[in-house]
């Protein structure tokens, strides 16, 4: 008997109703491909996932490089899919079989199924629903034991009235499935496909050496929505909403306030500290980590951001692959691009972009500024409208600003260039050569004034415009 | 018999409970005035809509210039409204009558009503509801045939218990309604209004030449919410939510992923390609068209935008009456104003505004820039903080930048001005005269440095501040 | 008998399941601490709230400085809490007792409870629920009178099946509670706490001088959700959603259109005029007041803003403690910071920040500009990329721009500085001295051009880059 039961995940289909070039099971859900949720659930339930693949096989393998996978050569139904995976079965013990498009299935449910299975030949997870629709019906005998599963298409009126349905999640005795059930499956017209549901009838009347004493069981699950198959984009959106609700609920239980959870997006890889407040419309994506006492205001988007304790992210901020130190304040409308590293107490204000730059402790970049490929020293103040001219048309160059420096507004720093500790740069300067520490640098034109010239100038412009408009007409 | 049945749409009312200066039926819903949904449903059902108007008649006519409309001189109830439209009735055949404030009614329902109508004198659309409340009740005889409609205000306790209600949607025999039913209507106290519901009782016992053999029918509709009348702003918001859900569902069925549909707004005139992903909070308005494989990130707003295949619209972008070529990347925080035309592969970055300008293929405008009334040639790079100074206080002037040009950061281009192909403009320049192709232009002050002057300057400022603060106190 | 009944609000607990450093009752809900909703409901019902405090007593007192409060020395159960407040009871008449974590309770419900109470000794507010769970059950006698409340933990199987639960809201006869019921309470194992529910049994069989003729009553409330206790952050979010819905519904009834109410946040202190349209994702916070005919586009955030009639707030705007005059247009991406005052007809465009400044009537600040500590005169036009350099590293200085002035794009105004009425400043200027009225000022470098130099320059850069890359490798 193997250490872990195998969980065969049927993921070979194209998913035509998704109307997509991307294979159905690869469509993202809360930051992970759909089938990743199934893989993860089986692992959490203590099983070893085995993906059965065909359509876009390589893409799925690439998305789950550490997961075992087998190829279903010619997709011929669920029975054929299970057969493709027999080489991965343990000698004996249980084998789970489930669909790759049921991302809402919980690990607890799979664990319950494994427990209920015991020494049965087959245990099917069922659910009672008010609208059984197209689902297969569970037909039970007079004594309540499961006899078979009948597809809706083949069901009698009486059978259609049955409200217990097949969820498509099974647990099998590995040896029986491999050695008896799968080999005896016959193809079904019109497509000559092999159905796993046919195995159930076989389990109800197994021949030697298995016999009736190893029963066919059914575990009735309380929550039919958990086994919802995602077949189109609307179902995808519904599944996303359920998973989002679970993710947010879990964070809330640990001390996070979501002001408007229905508008918030938190992907599965995100971690959040205590006493975090998340405003409306906030998106926390990728591997974002948030410390304690962080406030994230409305509509901000964080992707793979690392935010330390006590930070305030103001509205409309956008941070990707950036690091923000404790008690820093960001935004509103701050954009931190990959490689932005802000130390403690830094303030980055509105319409400011920071890329691949280090802002040392308590530096301030308040308004309408681009900082790229730069270091800003501790406590330095960068005036509004400052631009680090890092790109010369060919290469990116570095700007280095020391500690306690003051860069006047509307300054262009033409990199490579350095401004020393404590230096001052006058407003409107174009800094092309290094500024020594404690120096004052000014690089701008002189001011000339023509008294009483404005009206004459306006008259001239108006005359020209009249002429142009006349010519245009 | 006319080609199309007439559909009389009652749209004369003010809608007091909307508390608005705008007539109720003109309140917008998902990008169309409320009554437009009714007009559209009747047209889709094969009928010819006729608007019955009084309040803000001219505004409604202006909103639907191609739709027939009649004036209800003195609004005196639904019977009077129908009477206002008799001149538009066909000689015989069916006439639909419905309210202009029921935007959720589906064309299929009207088609079913027309079919059910057959040779009846009158067919009323009814619904069974759990809380009949103030709705008129359908009173049926022992044999199940409809006898009359009783208003809730006039109903007996027994009648109030009836759960089948009048939806206010009717199909009439045109000749009977015009020649027999409407002329015989009597005014009802206290307001001396004529009620269309009184016609029903007349249909139950019609005189010659119509007789009992042409029956009164009722079609029980499965979805009572479809005939919800919008009487206040809360109902308006609810109707909007239902229509939004229908619109999004239809797009999802065709291959669009909505990451968070409850936060997304897609108006009725929008078209979307395959494998489009729409992030949380996105608004797609007006006649926006989106190609295949487009990704629209969180909170972006597009209005009458035309977006080609493979474009990436990043978060917080705002595009109005703009065109974006294939594989372009926009945002985050990019604003494309009317007349912005971006060719393929263009990149427009954060805090950039483009107005009435052509950006040729693969041009890049990365940061904090205003491009107005300009052409940017192919592959040109516009540095951060560049401003096209298009307005001289009187007229708007044009900036022309050739292909493969490089505009250094923080440059002001004082229009009218041209920069030739392959030219370079130094950072921080104020360009006032044309730059020839392949030239380098620089227009900025020289840099002067005062060594060790910073501390003295700071001391002077601090002393002045202390003096000012003292004076202020 | 006192003028107003006292309402004892139990607010001493820590709220461990909130997992917060902040006391549970201080967690904000729609712009007010949670317990503030209870305080407000009791006041609206005509009662005088008395807070019973222990955990973070001082913080709660500070949040409600005008509200009476008493200290519960050693929290020992609800009975002990009520005992802490006896000094505030009126001589006779009714006393309400309720929990500080039930923010959804409506004033109408408390008024109904006071009315139902009449001359009873005790009236308990109950509710019928489908899942009574952990709530105390109301045990009634054969004649329907309330006999006692049994905690779920102590209930028999029969009692657990009772669907009428204790909401924890009570009305007591003040004299009886003070003089008879509370003194006779006995501590309950294992924590030796005093339970207010034990008082109910006492009321069912009161001794002299109260007697059975002053009955124990129960008022069955129709809406069990109203008395939901907020014990964790998920419940907090649910309570927020209910309160939001109430707030939005009330505004809608008065003539406000919410395009997508589920995405909108309107705090309790906000006032809104008629024919206001609120787009998706909009947040209206604090004491914001909005006039008539205002349009607020998607995702804008307003906090303590005062917006006059006919204003258009475009998407992604952010206004705090700012005033906007009639028919002004703001945004998209406009940021008004505290002290921004815009007179009528002002236009503030994208990526513009205004702080502590007066913009007089019809002034225009279109793009990428920072206006801080300034006055902009009427009808003046501020070009794109203009920066008021208000900070010199030590103090904030003032910029004064007269009426009808024209500030060319990319201009830096080094404060303190003044530009007179009708003056013109050339684009790209750094203005360091005052500009007289009607003068033209230009302060920039001259333009030099090197013909055909661009390719040589590019070659040089490329060679250097190759060298650097080689050295780096």
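Think of it as A, B and C in the order they're written, each chain with its own count starting at 1.
One rule holds in what follows: contacts are C-beta pairs under 8 Å (C-beta built on N, C-alpha and C of every residue); 3 or more make two chains touch, one makes a residue touch a chain.
Worth saying up front: this structure is predicted, and the values here are computed from it rather than measured.
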Set of chains adjacent to chain B and to chain C: A
Copies chain A and chain C touch via same or different residues, half shared test: different
Chain centre separation in whole Å, for chain C relative to chain A (CA means): 31
Overlap residues in chain B, where contacts from two or more other chains coincide: 262-263, 281, 299, 316, 333, 351, 368, 385, 393, 406, 410, 424, 444-446, 458
Of all residues in chain A, those that touch chain B in their complex: 18-22, 27, 232-234, 236-237, 240-241, 244, 262-263, 265, 281, 283, 299, 301, 316, 318, 333, 335, 351, 353, 368-370, 385, 387, 389, 391, 393, 406, 410-412, 414, 422-424, 429-433, 435-436, 438-446, 458, 461-462, 464-465, 468
Footprint of chain A on chain B - complex, ascending: 249, 252-263, 274-275, 279-281, 297-299, 315-316, 332-333, 349-351, 367-368, 381, 383-385, 392-395, 406, 408-410, 424, 426-428, 444-455, 457-458
